[in-house]
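Worksheet: the structure to be examined is printed underneath.
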């Protein structure tokens, strides 16, 4: 049996190029990158990895291709892209994504440099696949790239179900068996077959409930912000270069943070779960436009100003201002009465979910428990928060 | 062990009055009333019964009482009411509900007559409980009645999860363990504790997705309508009285329908799954106000007119016009910033879900496959449908 | 989508002849025959039907054929046989099996008469299949018949997993995804591929644990024996013929039992769960050889003698003497070091499980609670029980 | 809510001393020690940690104490012991257990030194608990110590179910809800209540099937042996002391192995899954007595001899000779006919399972793929293997 037992999809049969890709260092590294970074501090069972998730995405891509009856050479490239779609992730995945983007100008979907030569290129080419074409699929380019990266990709189907399974939260309202069966191409665009508005809505709903309950849980956001600030400082104050940083595993990053004097205190807090507390937890409507538009550097300056004015040590204040809420799935295409429509044109639920996202949005300012009160007042002033 | 193994809640410990109630004829009868009536024609695994569901509601009520720290005499009445809450259901549950209401003027929550004397009364009284008080709880009266019947009752928690489990549909986004822990009374009203807007929304969402995918699946609605019409004819054309009818089991009703010449053809169709087809499947906006307000008798007259004008035999046309969409859960109370608010005041999702319900609403006109085309045109005219 | 949602196997795609067979009266009837007859009196969630199970067996047969790369005309016959394998079951399945065998000389696997003409024959022939050949496969004949009925058939894989799912008992230690992947034919015999001794053992173990906990639970055996005796009396004392009896549904049998004066008391007891109690529950070693060999008629005579001598009414004593314990799975073929061996030759576990089966075996004598004491003494004497 | 969501037991309510213990460094460290060490190389979903497992054991202990109606001061000590029972584990748990025993003379159950002072002592004492008494419970001493560590402890119940859940293997045939309900003390000994021979057998069976399929999978054993040898070399050839080693996390050990020149090659192989292969895989009966008795030092000498004679570098040959098979659960006490018996006295299954364990037992000799053939012959000679 070349079948691997998976807790979500049961057996995953790994064939062709995928079998060799599986044993490459780039894919094996994903065993050491957790899927949900700091969420496990809230949901202890959520220790699953991007390796396991990548296998799941490969499996669903394979099933979708079968149902779409695509079995030519392009299919093998799609399967390779599905398995490799996360190799570009840095340690702790999304948590270090923006650091890597700022320093290397590279999104995690941009994997040309990883596939261009070395072990991955060798394996792909030995199976007659063109590394550049696989990288393009991972970036969501072309008709078939939509299977790997788009508002209807199999990536989100896998992670919504898998994250629900491993957290134990019953909100992964996605039916993978149905989704892979109702995908179809209409004029080159990926869409859900007629009769599947509710199927598309279920993706939105799962996303919304998982956001509220899991992905954006305040404890996970606090720990994630601490990790992000510590990582930036590590890059700023040591000779660690960003490219090396981007290839670390979770544990290698943690170890590096503990070895550096300037980041050790934050790293120790993370390891022992002595997390910062919320000094501010502000709703969208109370946050002025200039704060929302401030950008990374300006936020760091604001933090430093607050620390100075309150006589706190550097790193004692963290401002966590997420981007405006967005839900890419609202653009998913659905066939209705023979026409292809965007989900937001068809589903009155979309507006409600978008409003719910806005209502759940929070700007956080975090600080050590002892300073939380002081920071609250100062930050409310400095950020001109109301309400 | 007095614990009963349940596929949803694992072990259910049955103590006190519940142990004796369990073996009464009224409760044992629920083994023969399916929870989802005709849904099993679409989801073959959904053969679960109201007996199993009643045990589940009993279990959740018990847990909720524990978390609410209510352990006095009233608690035992609530547990009895939870176990008995469905004894008033006729055969096929909700499918015969309106027939019974029209003929006996009694809702299934109205169980005074069943508890007033006989075996149930004897058991309740032998445990020092007052049958009338238990019946009141089942009708949702009083503070504690809200646990058994209200927009936050444990009844809906159990059925949403149980129906998802047995159909295999992954849309039962309800977390019973959380719900029983966050219920609280505020000034005598049942509410969800602070921080649980998303918990309340999950109930709404589960309901909306289950409606679209399971409860209102058109195949189930067609079969249900056939069953309802056949049942009415049975009551009209035999000497079966409505009170006897209301105490039948599913199988007893099916058998009675097959034994009566006038209802046998419909019953045979149901047994062999030769169902009527949709002649009309109209959206809410295309249905004129007078049809929505027409009421039962007027609809039956319209059916008869159509049958006559098309030369079809009585029973060949079924008009299935559900009430306007409603979602009782939107009134659920949630504590927000120390105040009790209604969910629809707090959650922008509510409006979207209500709109989605309206968008999913359909009026159906059903007929044997051979007549579907003819009936479509005539019914569209007769009902003045547009769009 | 021609895919049916199943609570155990997720989506089951029904194609070809199976789609038409599904809507035949013979297959639809299986919706009304419970898979576990009286077990639901112990495990309330176990209301699943032979219809659902038949779909599951069809699904596994399809998967096994794919993995075995059998795609020619015979494959379609095997799939038809898998879907139809239980159409020969009487009401309450195994519970009436021996009655039907005694009166019609027909095992439930013997379905030639059901397939020879009528609707099933028409459908099979319209797809170019030979009804007799399909019936042979159901009887386990020929190489491919082993997939449908043998010690490694997909029937047992489905029911072990499904019964565990619906009872909630965690003892369905079977891995269907693995089993369908490791089946292979060696010299025409179905065997498990090398490295699968533990896979074969898991079938045995599941069977043994399910026997002890579910299938042979004493409450289910008592109810089953009451049903069996009542059914025999119904056939003896009314003009109901055995062939008609054999085609009844569960509910039709229950209704018939309640309508007949002679069987009504037992039927009422079953409906209200006022079951007989164990007067005797004897281990194998305490039961004399002549009792084990006594056979049906002799046991009925013994019952009548006991009733007379104790002055009890006919039907008040039920002797329930199961056959000697057997485990067909011990003969399953497994490839070990290149040779095909029988499981019992290879696995030291087999002997232990057989001994455990013997240790769990019980002869029961049942009677109404009020007579249980009296019957105990008399039956112990009459059956010469020791120990 | 003080309830933590768990993927296996749903909500775990953490109260009293447990809430404070949870945030200690010793318990938080368990987030970084995987429950199944190298098993995740075979079952990618098995990334769960000893932290999650410790919460599960705490939960079951709490439930067992409730059912046993033990609510006095000792109960709080048992709950503390349950939560802390694994704090003595080194990195990779059982994989480094023997190293730590040899060098520190300490079993992982021996945690006196960890509880005697420091953070854990402070927390325990602040709740009026005596650290020494809690350590004794963890070592299984006294009547209540049996709940934490014995052949019927809740530890094994949790890990069997949890490991099955996370691997996806359906062989965790244990019913925790039943087990905590049927525990009782008879004359101070923990036993299962009458009617639970099959419950006890289910523990044995789960253990046997999980051993064969998961715990002793050859890929996991090879990786584990590589890790163990590398760890020993690390301790031998660096100034890392054994006490520090014993407090490492999984990742810290891996990092240390990669930083040391002498262990880097093995560590790189583990990280990239370039594992040694089986040169020898010998059954119990083919292994001479002197090899089984050889002990650690003698095995290391044999490895060195083989390496020298074949001209291989140190570390190229690994002999993996497990102890003789044992199943502690066979001594579990069960009440039968009012007497307490040991399971092996009562269950004929025990003998079969013991024989199956012996049949599955293997001595392995592992080497890099290129040398496997050469090592096979030399090792077979050197170890005098037959058959």
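For reference, chains read A, B, C and D in written order, and residue numbers begin at 1 within each chain.
Note that a contact is a pair of C-beta atoms (placed from the backbone, for glycine too) under 8 Å apart; a residue touches a chain by one contact, two chains touch by 3 or more.
Chain labels with UniProt names: A, B, C, D = Phosphohydrolase.
All of these numbers come straight from a predicted model, not from anything done at the bench.
Comparing mean CA positions across the assembly, the chain most remote from chain B is D. When the C-beta contacts at A-D and at A-C are tallied, the pair with the greater total is A-D. Annotation: 34 Å between the Cα-based centres of chain A and chain D. Between chain C and chain D the centroid-to-centroid distance comes to 40 Å (mean Cα coordinates, whole Å). Computed from the mean C-alpha positions, the centre of chain A lies at a distance of 50 Å from the centre of chain C.
Chain contacts: chain C has residues 10, 169 touching two or more partner chains. Of all residues in chain B, those touching chain C in their complex are 4-8, 10, 23, 25, 28-29, 31-32, 34, 40, 43-45, 47-49, 51-52, 55, 165-169, 249-252, 254-255, 271-274. By the touch criterion given at the top, residues 161, 169-175, 198, 201-202, 205, 208-209, 212-213, 347-353, 355-356, 358-360 of chain D touch chain C in their complex. Contact residues of chain A toward chain C in the complex are 1, 3, 10-11, 177-178, 181-182.
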